[in-house]
Amino acid sequence: MPDTVLEIAGLNGWYGESHVLHGVDLTVGQGEVVTLIGRNGVGKTTTLRAVMGILSKRSGTVKVMGAETIRLPPERVARLGVGYVPEERGIFASLTVTENLMLPPTLAPGGMSVDEIYRLFPNLKDRARSQGSKLSGGEQQMLAIARILRTGARFLLLDEPTEGLAPVIVEQIGQVLDTIKGKSLTVLLVEQNFRFAAKVADRHYVMESGKIVDMIGKAEIAGKMERLEEYLGV
Amino acid sequence: MSAMALFGQLLLGLINGSFYAMLSLGLAIVFGLLGIVNAAQGAFYMLGAFFAWMLGQYLGIGYWPSLALAPIGVALFGMLLERTIIRRVYNLDHLYGLLLTLGLFQIIQGLFVYWYGTSGQPYDYPDALAGGHNLGFMFMPNYRAWVVVASLILCFGTWYAIERTRLGSYLRAATENPTLVRAFGINVPLLVTLAFGGGVALAGIAGVLAAPIYQVNPLMGGNILITVFAVVVIGGFGSILGSIVTGLVLGVLEGFSKVFYPEASNMVIFAIMIVVLMLKPQGLFGRER
Amino acid sequence: MALDISGISASESKSGSLEWVAMAVGVIILIGAPFVIYPVFLMELLCMALFACAFNLLIGGGGLLSFGHAAFFGGGAYIAAEMAKMYGFTFEEAILAGTATAVFLGLVAGVVAIRRSGLIFAMVTLALAQAVYFLALRLPFTHSEDGIQAVPRGWLFGLVDLKDNMAMYYVCAGIFFLGYLLVRRVWKSPFGQVLRAIKDNQPRMISLGFPVDRYKLINFVLSAALAGVAGSLKAIALGLATLTDVDFSTSAAVVLMVLLGGLGTLMGPVVGAIITVSMDEYLAGIGIPVPVVIGVIFCFIILVFRRGIVGEFLYYVNRFQNRGAR
C-alpha cells in the first residue's frame, strides 16, 4: 500500500460551460483524516465529485492509491477501494434500509460485518425493514456512512456529514469517525462545521474560488484561528 | 350467448392481457432507467415470433428450444441496438428517444414486410400441448392454458426479480440515482444494457408464445404496440406491478367487450384511456413526474 | 435538453430579408410548377405540405409533439369525401364540413391530452388516433378497406369547374398559401409568443396568470383544423379518402416531414413534404420498401441532423451573419 492515498495536482473541473475548479492540488496520506474547508460554493463538493469521476469534465492529475483516475468512470474509481458519501446522502427511497445497506458491492475484504454495523448504528437495526424515504436526516446520514463501511473501502470521501443535524447526532457521527480512524482508514472530509472538523482531522485544506489557498496542520490551528475565521467568513 | 363462447373469449382476453402485461413491463423497466419509451418494443415482439418461426423453418428447431433461443436472439439484437444507436440519445429530450425507436421499429417491420409479405406464416403448437380439456363450463385448449400459466409466471417472476433480489435492488437504485450507483462501483451502463435486453426479451417471449395462436405476421408488432401504449398511459409508469395488473385487466375487459359488442372491442381500451386521463391524468398506478 | 426548435427565433430575427426572398421564390414556383410537373402529383404534395404546416403549428407553438395527427387529416378527408359524394355538398361546403370534423376531433383529443406533456402527450395522441382509425375501419359509410372513391370535385363558388386539373391545382395552391400565411401569422402574434413562453417555462406563465391549458388547447385545435383542411382538400382533389389517411403511417409521415425540414422552422415542413412525397413516389416505382427508407431517415435525422434541412441552413446563415457583424 503506497503512503499517499490521494494525490491531486492541477485539477480543473467544469459544470457544462462554467469553470469551477482552477487547479486544485492536495495530497492525503495513508490513515490520515483530512478536511476540505471553505465557504459555500468554492468547489469543495465539486472536488469530491471530480475525484469520484462523477464530474466528468475535468483535467489534471488525480491519483488514487497510486493509480491515475482522471479518465476513469465512477465505477472504476470506486473499485480502487473508494467509498463515497454524497452531500445529499443519497439514500434510495424505494429501497428498504437493509437493501440500502447491502447495495454497494464489496470492494475489498476487511469491511465491517452487518453485525458490527448494527452495533455501531443501533438505530438502523430497528429500522431495517423501513423504506429509505421514511428515515430521519440523522438516520439517513448514519445509513449513508454505514453502507460504505460495509464495502471494505479503504479511502472514504465524506461530504458534509454533519450538515443540518442536531448536536447530539453530530456527536454520534464524531464517534463514528473515531471508529473509522481506529481502523486506520483514510478520509477526505468536506466540512462547514469547523469545530467538528478541528476535533477529528489531522490536517485542513482551505479552498477559495476553486483552488487550495492554505494548508493547516492540527498543531497550528490555535495560532491560525484568526486567519481561518477570515477564510470561512465567520 | 353460450357460456362456452363467453369463457373462450375471456380466456383469449386473458392471453392478450398477459401479452400486454409483458410488453408494458418491458417498457416500464426501460422507461424507469432511461426515461425513454421504447417504441421498438412492438418490433421485438414480432421478432420473437419470427425468430421462432425461422428456427423451425430453416433449422428444424422445435417449439421448446425456440422458446428459449428466440428471446435470447431478440435480447442480443436489442442490446446491440442499445449499445450502438439508442444510447446516443439518452442526454437529449426523451421525445427524440421515442422518435428514434419508432424509426427502428419502421425499419425492422418494413424489412420483414418486404421479405415475408403481410399474409402471415402458420406456426404449429408443440405436440405435447395439442388438444385440450373440457372443463364443463368451457373447452380449454392445452396450449392456451400453457400460455396463460407461462405468462403469469414470467410477469410475476420479473416482478419478484426486480422487487426482491439484489440485482433488482441495483435496478431500482439506478432508476432513482444512476450516478450514485456508479459511484458505488456498479457498472450502470452495463446494467442498462442488460435491463434493456431483459425488457425486449419479455416482448420476444410474448412473441413466441403468440406465434401458434395468431400466426407469425410482420404487422403483429404494430398492432399490439399502440394498444400497449394505451395500457401504459392507463396504468401510469408508476410501478412494475401496476403495468402487470393493468395489462391483464385490460386484456380481459377487451375480451368481455368482444362477447357483448364485438364492433367496439378494439375501442374499449382507448375509451378507458380517455376516462382515466380525465379522472386521473397520471394513470392508475402512476406518480406525477 | 428540449426539442430543438430554435429555428423560430432565428427566422424571426436575422433572416427576415432572406425569408421574403424565399417566399417570393416560393410563390413563383407555386405558380409555374404545373406547367412543368403533373398537376395531380403537385396537388397531393401541396396537401401534404399544408398538413405538415398544421403539424408544425402545434410543435412550433408549444413544443407538443403529436403522434396522431392523421386522425384530423383523415377524419376531415372522410367527411369531406362523404359529403361531396353522397350529400351533394359543394366544394366549399365539403371542405368546411371536413374542417369542422377535424375541429371536433381536435377538441375531444385536446381536452383529453392537453394536460399531459412530452412523451405521454405523444402516446395519448397516438392512442386516440388509433381509436379514430378503428372507427374508420368499422363505420359503414367509410367502406373499410375500399374507402370512399370517385369523389366529385364540383365547382368553386359555382363558377369554376374543378374537373380541370389546372383549376383544381390553383385552388390547392391558394389554400396552401393561405394556410402557410396563417401559421406564420400565429407564430409572430402575441398568442404565439405566449405559447413559446409557456414552452420555455410553464410554471412561470401559470403564476403570471395565463390560462396555460386554454392557450395550448386553442393552438391544438387550430392545428387540428388546418390538418382537417389539408385532409378535406386532398380527398376532393384526388377524389378519394382511404384508411391510409387515418392510419399511423400518415401520422409518422408528417412527423418525418417536419423533422426532416426542421422542427419549428416556417419553411421546413414544406421542404420536408416535397422531399418525402417525391421520395415516396420514386421509391414506390422502383420497389424499395418505403417504410424502411423512412425509418432510416428518421434515425439519421435524430442521430446527426436534428435541426433538419431548413433549421441547419438558418443556423449557418445566422452564424455567418454574426461573424459579419463582429
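Going in written order, the chains are labelled A, B and C, and every chain counts its residues from 1.
One rule holds for everything that comes next: a residue touches a chain if its C-beta (ideal position, glycine included) is under 8 Å from a C-beta of that chain, and two chains touch if they have at least 3 such contacts.
Predicted model only: the values in this text are computed from it and were never measured.
Peer 1: Ignoring chain B, what connected groups of chains are left?
Peer 2: A | C
Peer 1: As a test of understanding: of all chains, whose mean C-alpha position lies farthest from that of chain B?
Peer 2: A
Peer 1: By C-alpha centroids, what is the most central chain here?
Peer 2: Centroid comparison flags B as closest.
Peer 1: With respect to inter-chain C-beta contacts, which pair, B-C or A-B, contains the greater number?
Peer 2: The comparison resolves to B-C.
Peer 1: Report the inter-chain centroid distance for chain A and chain C in whole angstrom, where each centroid is the mean of the CA atoms.
Peer 2: Those two chain centres are 56 Å apart.
Peer 1: Just how far, in Å, is the C-alpha centre of chain C from the one of chain B?
Peer 2: One centre to the other, that is 32 Å.
Peer 1: Distance from the CA centroid of chain A to that of chain B, rounded to the nearest Å?
Peer 2: 44
Peer 1: Please set out, as single numbers or ranges, the residues of chain B touching at least two other chains.
Peer 2: Within chain B, no residue contacts more than one other chain.
Peer 1: Mind pulling up the chain A residues that touch chain B in the complex?
Peer 2: Result: residues 52-54, 73-75, 77-79, 84, 86, 90, 92-95, 99, 102-105, 107, 151 of chain A touch chain B.
Peer 1: Which stretch or stretches of chain B touch chain C in the complex?
Peer 2: Residues of chain B touching chain C: 35, 37, 85, 88-89, 91-96, 98-100, 102-111, 113-114, 222, 226-227, 229-230, 232-233, 263, 266-267, 270-271, 273-274, 277-278, 281.
Peer 1: Would you mind writing out the residues of chain B in touch with chain A in their complex?
Peer 2: 166, 169-170, 172-173, 175-177, 179-189
Peer 1: Report the residues of chain C in contact with chain B in the complex, numbered from low to high.
Peer 2: 1-3, 65, 111-113, 115-116, 118-120, 122-124, 126-128, 130-131, 134-135, 137-138, 248, 252, 255, 259, 289-292, 294-299, 302-303, 306
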